[in-house]
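Across the two complexes that follow, chain A remains constant while its partner is chain B and subsequently chain C.
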Partner chain A sequence: MLKQTAAQWLAMLAFVALAVAAPFALPNNMAQLVDVMVFILIALGWDMLGGQMGYNSFGNVVFFGIGMYLVASTQVLWGGFSLQEYNSAKGGNLEAFVIGEPAYVASLIAGLAIAAVANFLIALIVGAQLLQTRGHYFAVGTLGLGVAAGEFAGTFSFLGGGSGMNFLQPPDGLQLSTLLYFLGLATVVVFYLFLVWLHGTRFGLVMNAIRDNEDKAEAMGLPTARVKAISWAVAAAFTAVGGGLYGAGKNFIDPTEVAFSLTTIGVWMILMPLIGGKGTIWGPIIGAVAFQLFKEFFWTFLFGWQRVALGLLIVIIVVFFPDGIMGGLHALRRRLGAPHGQEAAR
Partner chain B sequence: MDNILANINLLTSLAPVLNLELIVNGLLVGALFALIAYGMALVWGVMNIINVTQGAYVVFGGYISFYVVRALSGLAPGAPPILWIVISMPVAAAAGAALSYAIFRLVVQRILERDLFISLLATFGIELVLQQTMNQLFTAEERVVDAQLPTFAFLDYMVNVPGSRAFGAVLGVVAAVLIVLLVRYTRFGRAMRATAQNAQAARIMGIDTDRIYAMTYALNGAICGIAGSIVAFVFVLHPFQGFIYTLRSFAIVILAGIGNIVGVIFAALGLGVYENYAGFILGPEYQNGMVFIIVPITLLVRAWIVRRHRQYLK
Partner chain C sequence: MTRDIILSLKGVSKRFGGVYANQDVSLEVPRGAIIGLIGPNGSGKSTLFGSITGYHPIDAGSIVYEGRELKDLRTAEIARLGLIRTFQQTHVYDDLDCVKNMLISRPMRKGDIATLMHRPTARDRARAEELLEFVGLASKRHLMAGSLSFGQQKLLEFAMALMNEPDLLLLDEPTAGINPTLINGLIDRLRQANERFGVTLFVIEHNMRVMMNLAQEINVLAGGKLIARGAPKDIQNDPKVIEAYLGGQ
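On to the complex of A and B.
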């Protein structure tokens, strides 16, 4: 059971204070800061299943991509334009597709909300079926789903087809990345508080029971099927918000390289909780920040070898440090002989 | 939508003979898929590892074969390329075995006892590493070995079967028969099957199971290498193409069940035919997507079947 200790409240307040101060300290790195918030959202979302419930999904990138397309489409439709016309213009003819600042902001928020709700429902329906398969079957099944989604997204001509879709041009004078950053931060805080609350409830205990032994959980009459589907739905909703923010920040959606990119975002969202320590609340957050730092420092030097670096990172972490930073901290504390009272933070 | 209906109409009433072409071509590539899936089933059955790296080994074998064929045909320009293709197969097999053996010693042997997600993710990571390394070594240009075989036409050019597909199927069947004989009738094969059944008992009987694991993984690499040399002249080679072979094999193995060779063959042939139909009816841009989506679909179908007995897929 996860009760928020005083130390964790302090950590959370410190995190929020740092996060609020970050845009003022690093005004030139807003794009990267937006990515951090997106990464935290998708890492926490992945960890809800992968860490807390033992269901390792390779396919959460599906919700990420669908969310992105939904936000972009909502904005276009909000402006009263036709998707078909907008996408056949391919980002050209900019004067014809302009909306004002209030409409832009309102449609962005509405789009994020629609993306969250829609992906909640999609994950509920798909999950009710797919989550009947366990362990590695679920993992590879979602892998297939993730790759397939990218292939199919490129075939819808009203969504721009294989050449992708542009977001609406943000109005002049709008600090888009600041807006996205604080929207992301707010969502992260909401998600964090939700998770802390959730893990204190019976529902959270059932999630852990499924991870520890699903057969016994089922034998005890726990509603495992329902818990699994709802958890995935919640994770999907927040992942979709992350996708929408990420797409709006990049201003462009490519079906296989940005939206449904299994070999970048799709793996990063698994790697981040692993780096931080899966099955903990702070693990994904720390992992997301650490991964973004790693990526920003090394990614440009690794041009052409980024997948090699990513693959090696996966192998090294999985083989040698499967418990991540949080696990390392626990081991360190145990070795230093600290009292075990707070061990229950898992 | 209209063209989909038109295509279905074409198959059902206008030119039913086209069905024959789709089926024959599907069955011919199915032999290749069966080979790759059999390798995956071996590793899965013996070592309890789902080898996501399968596709990268296939593509690697293909490149080895491509370069061998190119070098040899440079030496003796007149000879038919089929000859060089056949010669390149054992080279590709050896290269695949060497690569996978090295990867086994470096990574895979460390994760044998860990849970399946660890091995899934680790082999996924290796797949990424190999994909991009091959991209750097062999460039992102699409490569193909030209077997210079004619396309056979039957029934007034209504049914066309590329000679390369037929040749690939023949080579695939020969390789598969050899491998099945190896697994059935040699001491190594018996030791491997014993390890798959019960590793602890096998150790007690004096089988060096660690060595068996290494050799099984290398054998899988060799199988993938052979399959890759077939891919090189039947399809095209591209460094980032591995996942489709991995996921095809996975779909075949779940459909068939681990350790069911006959099932693997039928599932692979079925998948080949299915792919050709999907590509023809929906259009070629949907073909890969339809292959990937078959993985969750087969899983669901299998899950529904076992659920009738109140069980789940193990």
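On to the complex of A and C.
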């Protein structure tokens, strides 16, 4: 038990060291590095329900999108501009909508905090209803949310309607992607530490109990409904932060292509924990990094066929490696004769 | 002599479609006792347990536990009052080891999240190990519950129920699937749970030898109705009971 914890801390230190070094090693790939941090956040968030609790959500992209809109809107309002006027300009008349660097950074961070809190509450309220359904019904219900959200967001003219919304132009001289990257890294570290703590408590055990046998958990008096809703709310908060960072990096929100994109982000956030190994803390982290590598590789060398390659990758993983990279590592360690009982690195 | 009653059913009926699974069932479970519930297959025993523990709403009657009406409470709320059931088909947390199965099962009398926010204490762990030892699963404690045999899962479920420190425990066929050579030991443990831990037991069991040895009083269901109640000896010789079992109904 102790060894396991020590190994986890070492792994985390190594991860942070690598993550801090990465911008210096790959200065031309900052956009991709920001994406890695975003991917880790949304993969860890998805895994809280999908992996740890057995509730497959296809709708977490809703929190991603709402977070993105909230951060963009917070920045606009922070600058004292009207959302309606700003979005009517459609990214034109840029000189009229400029804020200074301190205001930009402060409004970005405030926007991320607002996005986290707002989505926490949204998931709590929606989850109280939706999480009463189980299995496929929950999955389909969340899918419905995801499909509806993009179209719904496109109906608000003060948010730019169907043609979307620009983020405020970053001030000249601001290293935006570096800022986003380190904000993302800090949030990842906070999320990781929170999850490690959570899984040491009875709450974490109850999450796994719900995955393994929800009827039994109820029969033993456990407050399953609350545990499910709170878990989803936490996942939603971090997913929203991921959405805010992603949007700020892309500088543009399209309601269905960027914010509430079921077929890209919506599927990727599920795929990443599967690649890394769902139901573990490290699985989604490793999966997010691996996914970004695969994705960049496919987009660079198999352009035109990249989606086919990605689709094949999904099939191969689901069929041949259902437990992902972490599952493979555990199998390897078992084969190398690690003592029994240490295999549950959850 | 008035008895201290922990659970009292009055006129409980449960219909599935047009079929009565339980019809006008009235019975009492005295505090501190071991009470049996027998009946042929399909006589409504498990349905009655399900009704008591809030799995399905009952159509008529009343179920009073410790002075509280249970019929409108939900499963988890009933469990938090200290009324726990085990299942005929085992229900354990398959992908967690036995110790974790036990630690999840610590008493949960309040439904608040705050009580879930701390780590298991050394005392919780000691208690978990002690109860696993008690049911004879100490050597399996780091195995995944799902990898245990059916009989071992039954024992684990029994240990989990005790970990929860219930006042009343409903056991649905505790000896089914248990190696016959271990059954005497299990009877002894059920009795110890009753005497040492002060848990009132209400037990469904098909193994008549177990029932005769264990229960102070036996209720007999047939076709959803309670057809007899009494001491094991009387039940054994009751013509109505014999008829029900031999297919006379």
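A few points about this structure:
Assume the second predicted complex is superposed on the first by the 333 of 346 C-alpha atoms of A that agree within 3 Å, B and C clash if a C-alpha of one lies under 4 Å from a C-alpha of the other, contacts with A are read in each partner's own complex, and residues count from 1 in each chain.
In the analysis below, a contact is a pair of C-beta atoms (placed from the backbone, for glycine too) under 8 Å apart; a residue touches a chain by one contact, two chains touch by 3 or more.
Keep in mind it's a predicted model, so treat the numbers as computed, not measured.
Model built by superposing both complexes on chain A: chain B and chain C fit together without a clash. Applying the stated contact rule after C-alpha superposition, one finds that A:319 touches chain B and leaves chain C untouched. Of the two partner chains placed around the shared chain by superposition, neither chain B nor chain C is touched by A:9. More residues of chain A are in touch with B than with the other of chain B and chain C. In the superposition on chain A, A:224 contacts chain C only, with no contact to chain B.
Of the two partner chains placed by superposition, only chain C is touched by A:209; chain B is not.
Legend: residue contacts after superposition of the two complexes on their common chain; A:299 is shown touching neither chain B nor chain C.
The overlay of the two complexes leaves chain B and chain C separated by a minimum Cα distance of 5 Å.
The residues of chain A shared by its contacts with chain B and with chain C come to none at all. Against chain A, the residues of chain B that register as touching in their complex are 50, 107, 110-111, 114, 116-118, 120-122, 124-133, 136, 243, 247, 250-251, 254, 285-286, 288-290, 292-296, 299-300, 302-304, 307, 312-313.
Chain C meets chain A in the complex at residues 53, 74-80, 84-85, 87, 91-97, 100, 103-106, 108-109, 111-113, 115-120, 142-146, 160, 164. By the touch rule above, chain A contacts chain B in their complex via residues 56, 58, 129-130, 132-145, 147-148, 151-152, 154-155, 162, 262-263, 267, 270, 274, 304-308, 310-315, 318-319, 322. On the chain A side of its complex with chain C, the touching residues are 200-203, 205-206, 208-209, 211-213, 215-224, 226-227, 230, 279, 340-341, 344.
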